[in-house]
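These notes open a run of structures that come right after.
Each of the two complexes below includes chain A, the first together with chain B, the second together with chain C.
Then we have the complex of A and B:
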């Protein structure tokens, strides 16, 4: 790990996922079970259920949508083990929080290896979920009539107002993000929209308005799915695989749940703080990050990430997005470029095109980076060596954010 | 800490709580805020909000009952801090899990001090909560018509059938637990039933049947409340107070959520496993435990605890309960006695009489032991020196259990 100043806090040695789609015949514990079995079986030198020291789960609306609770007891029966288990809700960052908790569990010295799983089964409640999603927002925002896309629409409208300078390219750039992510997902066999084909910028910009200026094609879909990881102490990772991926930093920060009390609604303070902590811990800068899985619940959030992570300056990401897209459209992967720096974001399609089963997303991001760093991503594998990746998961409109930096053994 | 073979994993240096009652004018974040402020102000040598390195919250039904989620964002605004926060649901053990998570957070080495808070606001949904509580049980149990008291009624009926030997004293003993806990709460000014006065064994046994053989007076009430603790690294605890209480062990275990798949429904395997781990870690035995806060959601669960912890043999606790009660009724505190060993359980009244705002309970148990060990419990303070306490929190019918061993500096 010679590039890196800090020691890893944990290592990923196995990973599994389900396809993200509408899975009408599945229930959450079966989806976790399937993802978990794939993760266990993916560990090359062998990993059994009895090797699991603890389990960390993440989900947002499991009580409301699936009418289940006490996931511990469901999964104790499903897995046939009695180990400590922790279930976390943090809205759309529930998966990132599960991984964060798992890293602290490993760092506590109590466990050699843990299972991390994120899951969400949303399709059963498609008609009502627009209300349920407001559990991720402030009560006053709900009572004043906001829906969840509406909150992001407020952030997007203000961003365009403050930084767009009246230039129509700003709105084009926020549509290009969706086109790019749909393009990236084409080779990802687990993605919800892998068979949809390319989505043009014009198609995004003419799609139905949900909450102006947000259109349906700016938005991540309703999805069902689960993702599981096997996470171990870094010192023993090579007992399980020759190619572990190390978690160099696992960070979380929080901020006001409500837009109306924040100083600034055109950036996400929780992301900024978590990124800052991750760079401080590792000694890395944004220039060292080669690929990132960013939280594009709505395309504006990917633009915020590019600014909150420091890749572009505040208010300038849309110009970089536009120029990068115009330069690289038609390529297999469309990187962001800034003064010679290159960052490829959402290689698997992101929340937009891979899908967004809410609690699974933060874990799926780590899954994607694990696969990319090991060159096992399949049809959407990046076509060059990459060593360092970032995962960025946001809850609500920014009440919480997690940031993980992953690295292969170099 | 000369009595103890192991090092503490954490220390409690401050604690605060609200009264447990129907708090119609409060919301969860305000209740947490009040308990948190009392906890902060209780730290003798000073503790500010900026000293909080992370927050750990526990609640069961906050989404369903209170229509809130992403507690992180609510509390970031309420507390005015941006630190990492983790919110955990584990049914009735949500509070115990919050404390368990906090101990692992401290052991990870990341934080010097954290805030732990459990909360629940149930009265708003009194009419419907009987259904909501089934989120703590298996879906099949719900669909087959069970309600939550019914599940414990099945366990209680089987216990009486297997071990009562047709002796009416068995059922009397399970009523005496309720009388004892109501008696214990009389001096506890925060308890839901402190002003109710004594409840006779006859009153318990003639109270309305909820789900035979469980009567209303075998059952914990619907409550609102919050409890907060300041937990630090043990090495620095004396920077904050001369009389910290050390957490010698923090353990969790899990088991099948469903009664119908368990080997045995007259004990709680998760409790047995967590107790075993706690004794293994500390080198203590049940004889060393002087006081305990046990999970008496229904009185049968306190009887299970006395057997699962090893204080009485399997199937024999009811005899010990009966004899102890007959020997000590009328005393300020009514201990359990077995062959010269003495254990005082639920000095504050337990879930039965102190109240059971679900997610607050596991933290309230640690609060009560902290106060008792420091001789600050007030009207219900035990009248002799006690050094070692155990807290026992169960989720569902035993899908999860946490056990904490607390000790004063000796």
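Then we have the complex of A and C:
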């Protein structure tokens, strides 16, 4: 009997992406065009450009970094269509929010099928990208000398202080997340670090320090890339494919942009609220989620997800992470284990190892789940049948979060 | 950043301003026009944290800063909690350079004090941005003092010094061997300059005098190292210290930056005394500040005597700690030391700065003062003079007939270097730190170009009651938290200011 009691709000019938890496010769619209064409061609029963009722794009820094604007007009020419388009900026959650908006468009009944695409071309301003990323933070934080890793480092330092109990395993666990995600990306041909090989915990903990206690190997990279999805009304999804992946819930929640005005910086309230709404809508619990794409811009954020989603109790994820990593005997995906329940997180390497072209990430997470649920993930396909997935995308240090629950068989 | 954004931000950032709901007491930083709990019906009151202390909640040592902070190389950024108002604010830890292996968790819970510092600047030709979102450790060099206004007696009387404040940076450089008696010198941290010295000194003068900042209606800042060629440090001081009655983001007060080499400030003490005695000037107090990040070209002889810091005097007629009794000024066009517009460092005439310049003007002013007042040298308890080094003021005083015991207290140049516009005022402050009621002081400044001012001051009984609120020169000179830097660091930090 299916666990799923609610009706889906939309369905994904096709998906495409570029490799995440430094793509010096590509411009943003060409990257979207390529990802979009792959997505169109991936729909088994056919999907034409004229079937696109609207487009939802997600990108963060295009105006500053790429010196472009009016994405609508750029993409109208690139795709050769004149449908309504919406461009969403929500920092690192731009992609997730584009998908959220697309679901609203579908649910409203206005569109039968839409194109969702996230993109970011970060390598155009190598020398200033560290400054550009601070648009995702509060101006007072920027003017206090903070860089973006420094903000997450501030959350990480307080987390270790409050919950680490002086146990060095806490910091080891936060390094194990990076090691795990690099291991997961080895079979992912699109991942930025697929050819890097395994990264040991010791390598993470001895890597260059950038904003203490965050080291370079706790951090996601600077990336270029684009990802596209074809999203339809669930009722017509099977007109396009026999195996659509349904979006059972699409949620967004917000919180203050500034760390210093939040009551708690050792968790992300926007995540908790979005997760709560998603579970309420679907009737599911965290125990029902089999795989998840979590936002791991820095490893501490993956630890927060494990607690904010309810998989581990507040302040205890590091113990679960440590024990899961240490007890792993397999060769492929390293699951998190809690009381016999397994949750595999970031199957393609996550932001850390697959790459983090900011605006593309939220869409990439849905792409990864789409592929995993359809058993099309190739070298990084999970080695058991899974049916329910969660995507978790965070903007800034938690000013916005989106959560999507996806399922294949309903 | 743009100029309008800078203006909007500085109104809150100079004093860490927040708003408090008059109904439920909830405090919001950044300020909000309504309360989240009580809604728009509740009145929001302004509060600030300029004189408070906070506690580090968490932070990060930033080793690869954003481009605007690259000149600072590495530092700690943190979230600071003000428990008195249950709010947190972001800030940068100043006077502190994190080591490679700093465990930032070790800083959590440490008490910190807001400091008025540079945040960054838009290159060498753009705006300089200041704020108080910079914090130093409370148990370090700079202590936190309350600012409590005490109602003044209102008796009026002869104009004089109502309060004073001295600010000497935490850092020092030792000379390999004494240079004209100068053993070591104060060094600005990488985010300090003349404007920040002025604000810190003025803050201490307000604390010491315990007068309301709203009653200070004029501010003079004398310096030869103003960060801007055009844009007064004075306006920044007025905004930061809230001098004068507040009105729509500004203040009913005025002032000017002045320039006369090292006597840019002392020249205006008599003007301040005149103003507070003049009925048309409605203010009760005038603030006179002498501050410098004293300039010297690398390896120049001055490079081994210059210091950094500032001194602020509050001049008024009520509750003075020292009356201003007599004044003499002597000026001639003597080109001993100068800096052309656009030139980075001053030039000087070597030995020409001695006898025909410093000694001629200082000795003439001192002797004329004795002649005009009828005092003999023995009528003075203390002599405080401009101190380009420790040798010149001693020789000048002895030439007039003073003894070492009269000028030695003011020879702080030996340990802090030449503060240029703040030099004679630092000497005076060291004297005021220890002077007893009825002591008579001869203050004589010197400014190249050239001129000398001499003042006779008489200490009043109030000096002892106000002394408990002062941060003395000696406390700063002898602080166990003074930190020494090497020559390269000293040059690098001095150039940034």
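The rule we apply is simple: the second predicted complex is superposed on the first by the 405 of 410 C-alpha atoms of A that agree within 3 Å, B and C clash if a C-alpha of one lies under 4 Å from a C-alpha of the other, contacts with A are read in each partner's own complex, and residues count from 1 in each chain.
Operating definition for what follows: contacts are C-beta pairs under 8 Å (C-beta built on N, C-alpha and C of every residue); 3 or more make two chains touch, one makes a residue touch a chain.
The model shown is predicted, which means the values in this text are computed figures rather than measured ones.
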Answer with first, second, both or neither: which of chain B and chain C does A:214 touch in the superposed model? second
Is A:258 contacted by the first partner chain B, the second partner chain C, both or neither? both
Regarding the shared-chain residue A:138, is it in contact with chain B (first), chain C (second), both, or neither? both
Of chain B and chain C, the chain that contacts the larger number of chain A residues: B
Quick check for you: in the superposed arrangement, does A:97 touch first (chain B), second (chain C), both or neither? first
For A:160, decide between first (touching chain B), second (touching chain C), both and neither. second
State whether A:206 touches chain B only (first), chain C only (second), both chains, or neither. neither
A:7 contacts which: chain B (first), chain C (second), both, neither? neither
Go through the superposed model and pick first if A:68 touches only chain B, second if only chain C, both, or neither. first
Once the shared chain is lined up, is A:147 touching chain B (first), chain C (second), both, or neither of them? second
Which residues would you name on chain A as touching chain B in one complex and chain C in the other? 138-139, 142, 258, 261
Residue ranges of chain C touching chain A (in the complex, touch as defined): 9, 13, 29-30, 57-69, 72, 75, 77-79, 88-92, 98, 100, 102-105, 108, 119-120, 129, 131, 133
Contact set on chain B toward chain A in their complex: 60-61, 63-64, 67-70, 72-77, 81-91, 97, 100-101, 103-105, 107-110, 135-139, 142, 251-258, 261, 269-270, 273, 395-396, 398-400
Per the contact definition, I'd like the list of chain A residues that touch chain C in the complex. 127-128, 130-131, 134, 138-147, 149-151, 153-155, 157-158, 160-161, 209-214, 258-261, 265
